[in-house]
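To start, the structure itself, in structure tokens.
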Amino acid sequence: MKTAAEYLESMKAYNPRIFLGGRQVNLHENPTTLTVLRANARVYELSQEPDYADIMTAVSPYTGQKVSRNLHLAASTADLEKRAEMATLTSQMLGTCNYRCVGADVINALAGVTWEMNRELGTEYHTRFLKHLKYLQENDLAVSGAVTDAKGDRSKRPAQQEDRDVYVHVVEKKPDGIVVRGAKVSQSGAFAAHETIVIPTMGLREGEENFALAFAVPNGAEGLTYICQYTPFTAERELAPDVKYLGNPLYGQRETCVMVFDNVFIPWEHVFMCGEVQYAGRLIARFAKTHRMNCGGACKVGFADLIIGAAQLAAEYSGVQKAPHIIDKITEMIRISETARACTIAAALKGREEPAGSGFFQPDDIFGNAAKLTIADGFWEIMKWVGDIGGGMAVTMPSELELENPATSGYVRKFMKASAPAEKRLRVAKFIQNWCAGLHGAGTWHGAGSPMAQKMALYALADLEKKKALARNLAGLKDD
Amino acid sequence: MKTAAEYLESMKAYNPRIFLGGRQVNLHENPTTLTVLRANARVYELSQEPDYADIMTAVSPYTGQKVSRNLHLAASTADLEKRAEMATLTSQMLGTCNYRCVGADVINALAGVTWEMNRELGTEYHTRFLKHLKYLQENDLAVSGAVTDAKGDRSKRPAQQEDRDVYVHVVEKKPDGIVVRGAKVSQSGAFAAHETIVIPTMGLREGEENFALAFAVPNGAEGLTYICQYTPFTAERELAPDVKYLGNPLYGQRETCVMVFDNVFIPWEHVFMCGEVQYAGRLIARFAKTHRMNCGGACKVGFADLIIGAAQLAAEYSGVQKAPHIIDKITEMIRISETARACTIAAALKGREEPAGSGFFQPDDIFGNAAKLTIADGFWEIMKWVGDIGGGMAVTMPSELELENPATSGYVRKFMKASAPAEKRLRVAKFIQNWCAGLHGAGTWHGAGSPMAQKMALYALADLEKKKALARNLAGLKDD
Amino acid sequence: MKTAAEYLESMKAYNPRIFLGGRQVNLHENPTTLTVLRANARVYELSQEPDYADIMTAVSPYTGQKVSRNLHLAASTADLEKRAEMATLTSQMLGTCNYRCVGADVINALAGVTWEMNRELGTEYHTRFLKHLKYLQENDLAVSGAVTDAKGDRSKRPAQQEDRDVYVHVVEKKPDGIVVRGAKVSQSGAFAAHETIVIPTMGLREGEENFALAFAVPNGAEGLTYICQYTPFTAERELAPDVKYLGNPLYGQRETCVMVFDNVFIPWEHVFMCGEVQYAGRLIARFAKTHRMNCGGACKVGFADLIIGAAQLAAEYSGVQKAPHIIDKITEMIRISETARACTIAAALKGREEPAGSGFFQPDDIFGNAAKLTIADGFWEIMKWVGDIGGGMAVTMPSELELENPATSGYVRKFMKASAPAEKRLRVAKFIQNWCAGLHGAGTWHGAGSPMAQKMALYALADLEKKKALARNLAGLKDD
Amino acid sequence: MKTAAEYLESMKAYNPRIFLGGRQVNLHENPTTLTVLRANARVYELSQEPDYADIMTAVSPYTGQKVSRNLHLAASTADLEKRAEMATLTSQMLGTCNYRCVGADVINALAGVTWEMNRELGTEYHTRFLKHLKYLQENDLAVSGAVTDAKGDRSKRPAQQEDRDVYVHVVEKKPDGIVVRGAKVSQSGAFAAHETIVIPTMGLREGEENFALAFAVPNGAEGLTYICQYTPFTAERELAPDVKYLGNPLYGQRETCVMVFDNVFIPWEHVFMCGEVQYAGRLIARFAKTHRMNCGGACKVGFADLIIGAAQLAAEYSGVQKAPHIIDKITEMIRISETARACTIAAALKGREEPAGSGFFQPDDIFGNAAKLTIADGFWEIMKWVGDIGGGMAVTMPSELELENPATSGYVRKFMKASAPAEKRLRVAKFIQNWCAGLHGAGTWHGAGSPMAQKMALYALADLEKKKALARNLAGLKDD
């Protein structure tokens, strides 16, 4: 398996076409794209650390070797639990995305669906997919996933769009491969991965065959353009004389991009679905199932651990950690995150083989959705409480550069001191700012699908007929 | 194992001294005490049904036979999970207490603590306890538990109380046993059980030896008096010409009593702790651990299933089940109950052997507390939503007796009809009234300890030092 | 103006046909109907007390005399404010409905709408209405209001119902009056009022003329039947040897009935709308406007005052009133109720003349809806907190009759004592039970219309175009 | 009164010592300090617009002329209401602070307290204060307020601090004035005002005379240093080629500073309290009273109007504005903000003269606190909902500079289009980002004091004795 250095070295072969803030930038030099490379490198590093080996790695039945869990197909509930634990661990260590998370869940969803297509339609998708997966595992490649289409007019189906490019689709089928066009939005990490696997964003119907498309594409393929998000945090990082002055120094915010496919050629051996509309819904549903447990739930529990830790530090640095209302707020943050953690554990441990006979495991859907809903809503609560404990300072603090400014450093050291020196108070306040005045509230809300999607799933999944029967039985109501 | 009929027959041997509404009543005749007998009988019945056998029963290592799970010592996480499932199942079937629930959790807590006392202090408590347990299992007896003391002045410890009787304690030690005095309050089911096991309500300190007391007492022992709760529901049941007109016809509300010990003699073979103050805290903590998962969490999930089912029926009977806001409210109830269910599953499946080496299993404490907090708060939400969907009718409906009153039945049938006939609408409304205008809100809040107790537990259990270290690491803060 | 005694005396002339619990009952003897008579008597009494005179009475421009504010047409924002204060005051004093509240708001809505019909259609409704109002004022009569129809199939309009009787309507027009049929449900207080004014439950359209109907009907008119609600509280009152053992001894729960009109004749001089469908929507909208401020908001603030007071007493009686979490919960209840109170004040003081030129005043709609939503949701929170502070005892307490039972009174006095004697603790617990385990949660939710109705109103009333313009202006977006 | 241009011109006379991001900056040139100048200029402009004249101005009894309401002493409840409306209006127009808001509330608090000191202690403070106020009014000066001290060790009183400079205090009294030292933190707008009025941050006791200090200080006085907040938004503004690319183009975020007093000389005629510890508590309490209504409540209602408008725009631009769940979320935002608005109206209209006889008016305290609590908590809800409706785009959108980048503009226009063109969607998304991923959550939480302060106020202000008496009366409890 690759070391962090080997990953970074391997990435030098890639020079993707990236735009950020209106200008083209170099993946290896831009301070923002560097955070993504650094985060990936840290994930490679964690996989090498003995303490985390059982979480970060697994033995592949295809290679017989230890592989990154990001490339592992879950074959048991224990695998699912470790997968969720990986999401929490990387969040704790990065304070941002494990940028391979979507890729991992896409791979797991594709495994089952291609298995079914092989069996039911006689396709070669599963064979191809496993062959490609083995290659990824053997080379320990970083794989990102791309799901959300641009969508255009929300009231129309893909094929009805004035400009059909708002959904990624096949524009030409050739003997050796296909040509695809469209864009994926809010995409995490593609420009720093070795390759990206693309799947449809929704269930599809007859007549929408061109959109029923799953494939792998190498980073920087001909026709690929990445247009990065640009936020105040991008600017702050650009201007900072040193990363140490930033809220999340090394790894920054979750960085996403619009990933544009402008007639990109994909050879058939990297195509895992092409036209099988009846499997698209299943593919995205299985992806959602794992992703709500992992990105929707376990990942944010890791963030919550960081935030609770920071809140407790801030309280101690201000000397208020024993005030009953502070303890109450810390407890409330704990309650929320542990409830979400419990949901991810239940999702993993009540998971089951799906499709039956495949050997592939998927988490329980109800509990995965519950995890996402708990932490999506709870994240705003957690931001509120850390904003409370962090104090006005979390948004009104001067730059830590003042600590080195002879004209102001005396003032800042004098007036920002409480139970801890100014340096510590400013540092933890900056870290808290990163959360309670940053991108993570809305990011958490929408990651793994907006809460409305989870609500619809819960309503569909709940066995209302059984509950009605229970109530009827006890109330003495005869069956209808 | 006993059938329901055998249980009821066996209870005829008991004629406890019970007061209710200011008068002495007969256990076997009073309409309210009958609900408790009926609920217990139903639990015996469920244990005989093949569909529920693996939930309701287990094989005892002491008898080698199938025994009620209410008398089983959990020896694995699978056992813990089945125990939580039993709590949900009995709630679904009874709409009230499994009155043996406290007893089951007390037995599990005593197993570990007496094991430790035997090992560490050389006592015989564990030996006695197992012998007694075997007797209970062999005779398939219904055992209730009694925990909460009267408490008197909340600002004083037991030994400082003006009237020390407000905590159950030893008043005399004799060669053949002890004499105890005091009272347990909010006690569920003692008067309809074969016996009750009593443990202290709190951790104890040196000087409080007389209060460090655990023992079993048969129903109706000399000196025992049960003073029942009396609520509007008690009166309604008393006046009802038939139970079918009541909200929960057969099983009613959760009935409790003040259980008074007026110099009750307990032979030594039924005493499992007497003076070992250092073990009292551990005993109540272990009880809380299991009881928050079961009574605090899983039991109320079963209630929620009933309430959601009833809400859906009410919506269908009124013809509004497709309105988006109705679906949203049903979904919200599902979300809450499934989140709590997830917490109980995580509590069970992340449980562990405790004490180490004992072979006895306890659920995870954090997730058990999360389960209780989720559903305690959520129960008021659920009541709100079922009250919404049930409509004003849930509290303003006329008696179903009007359906049989020639003077009014035509009117009621005519005006209470919607998408379903009046009979059905009234029946489900009455069932809903039982929940949203009944005792269960406050009952759920306080059962297994008030939420403040769970909050204190969560704060104590959370590893804040680890979270601080994670935040420091990422923020670039040096260790303090 | 009538004294309480004169009111009770005057009611003796009425012997309405009332059914309760399946039997016909006598208004003046049944323990439940008596609570309504008593509540009304108390309102008459309050009107005579100098301390409350400015709240409970006003000078009528029609009689030139002081009249009950329940019969007064608001002619200023000060009048609206006093009206809301009356709602709070009567709730504080009764712990249940001012059963003339709906009537008062119906009268105010009718005043403006009949004024418009006279002007726009040349009807005599307003003239009749004022003449009748003067008669009511001169005789200081108790007037109840009836609004909510039985509704039948919720997916159909009144005229489409299989059985059109599920909406009150005209079945015959005669030279001297009309004959009406149908039923009003969840009706408060009609059987203890001198008369009831009936209005449509919803806006109406062409073709629904028979349902566009407003009229006054004397209590016990030929063809009128009242079928009372029956709840556990009804039974408890029936069985109680003395009202002092009940949660709200004198005034009980809010008692409602199904009010059946079986071909009731109404002389034309008591008919205030008959067929003018275009005014029905306006009538119910104006009624809702005042009723959400009064019943929806201010009334429940009065209940909240009682509950907060009881919670504080319970905390003091248990000796826990200084615990930070208790203070926090008391504060939370205060916050909710004072927020709702503020909304009612804003609704009143930002009220305006409506219709313009009429001299009649209506509260602000947005703030009235906000008041209702705040306290409807908040009431469940308040029940939760009083259920927390009240302790398990609020639902598990024995009957206070045990205090007089020689066999148990010693035990109860001994074991229910804390910082206050058992009598006080039991009494306040019983009072709390009345709220947190009673009918008021669902009642508050639906009174003055379910929250969904208020939400729809808020959305319709909010000036979204203005808000969009403000955002566009600041964001630099050109107009669409 | 000054025009916007005259204000900007007048400010040229000031060259305060400002540090931002580790460097000294020029008030008139730095892009961030410019936002504050611009916001102030806009407030001057609004005062000239006829539509807003009655909100933005009032007639001074001291000058007999129209003056800015920012310098007006409220003399009626109507004045208080207009004051609150000014807070809403400026928020709607600026999307950030009216930087004269704290000053206005400080002036109103000082009026009453100096009036009392004159009467009770025979001081000249009130005379001086009115003379100075007249000067401010005649010259229409922008006055900021400074309240919050650095505070140092939170467990110690000011005089016990190791470094007493953490609270602003007198270090020397001279014949012509005093010398002060210390720092105010989270201060809004001092560097762009003509002068700042300083008051103590808390109630004071005997022995703390040096801290009982109120005075006016001109911008840029000798010894004054302003150390500005530095956030990602500061950096983004610094880097932006044009303000039009920013979330709040002209007015930015609320900008604050640490305002350092390093031996600043204040002539006696600008000193309004010096040593009268017994009046300090009253001064801060009255300030809190007005400031919670205005900054705590009404200001954020103006922000909410902007956010709701933006959410509605975003929904329309995406074509989802008719989805029931979108309507529900918009409604929820409306409910929250209108509830807070109602509280500010009640606070103003139930205000009263305070001190009695002074002619000065203060809002009602309970409702002001309720306003702040409603919107502080509600603001996170509002951020959540606008984050929901805004979509992932609100945090993952590319820079609008891409629209002008030939390499990417085609892609962005194509893929960001929905029911509105990409430009509009990006613009409103950027505006939403400013709120839901910005500083306002924590800012709103802490502005006008953290919610814990409001809770303590509510608990202290509520008449619990009266509520207890009401409950006792109804429950039949005799007085204690």
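Note that the chains take the letters A, B, C and D in the order they are written out, and that residue 1 is the start of every chain.
The rule is short, and it goes like this: a contact is a pair of C-beta atoms (placed from the backbone, for glycine too) under 8 Å apart; a residue touches a chain by one contact, two chains touch by 3 or more.
Computed from a prediction, not measured in an experiment: that's the story for all the values here.
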item: Far-end chain from chain B, centres as C-alpha averages; value: D
item: C-D against A-C, pair bridged by the larger set of C-beta contacts; value: C-D
item: Euclidean distance of C-alpha centroids - chain A vs chain D, Å; value: 38
item: Distance between the centres, which are taken as Cα means, of chain D and chain C, whole angstrom; value: 41
item: Chain centre separation in whole Å, for chain C relative to chain A (CA means); value: 52
item: Multi-chain contact sites of chain B, meaning residues that touch two or more partners; value: 325, 328
item: Residues of chain D defined as touching chain B within the complex; value: 324-325, 328
item: Residue ranges of chain B in contact with chain A within the complex; value: 92-95, 244, 248-251, 305-310, 312-313, 327-328, 330-331, 334-335, 338-339, 341-343, 345-347, 349-350, 366-367, 370-371, 373-374, 420, 424, 427-428, 430-431, 455-456, 458-459, 462, 464, 466-477, 480
item: Parts of chain A lying in touch with chain D, wherever the complex brings them together; value: 19-24, 148, 150-155, 163, 165-166, 183, 185-186, 225, 227-236, 238-240, 256-258, 260, 262, 318-320, 325, 377, 380-381, 383-384, 387-388, 390-399, 401-402, 404-405, 407-408, 411-412, 414-419, 433, 436-439, 441-443, 445-447, 450-452
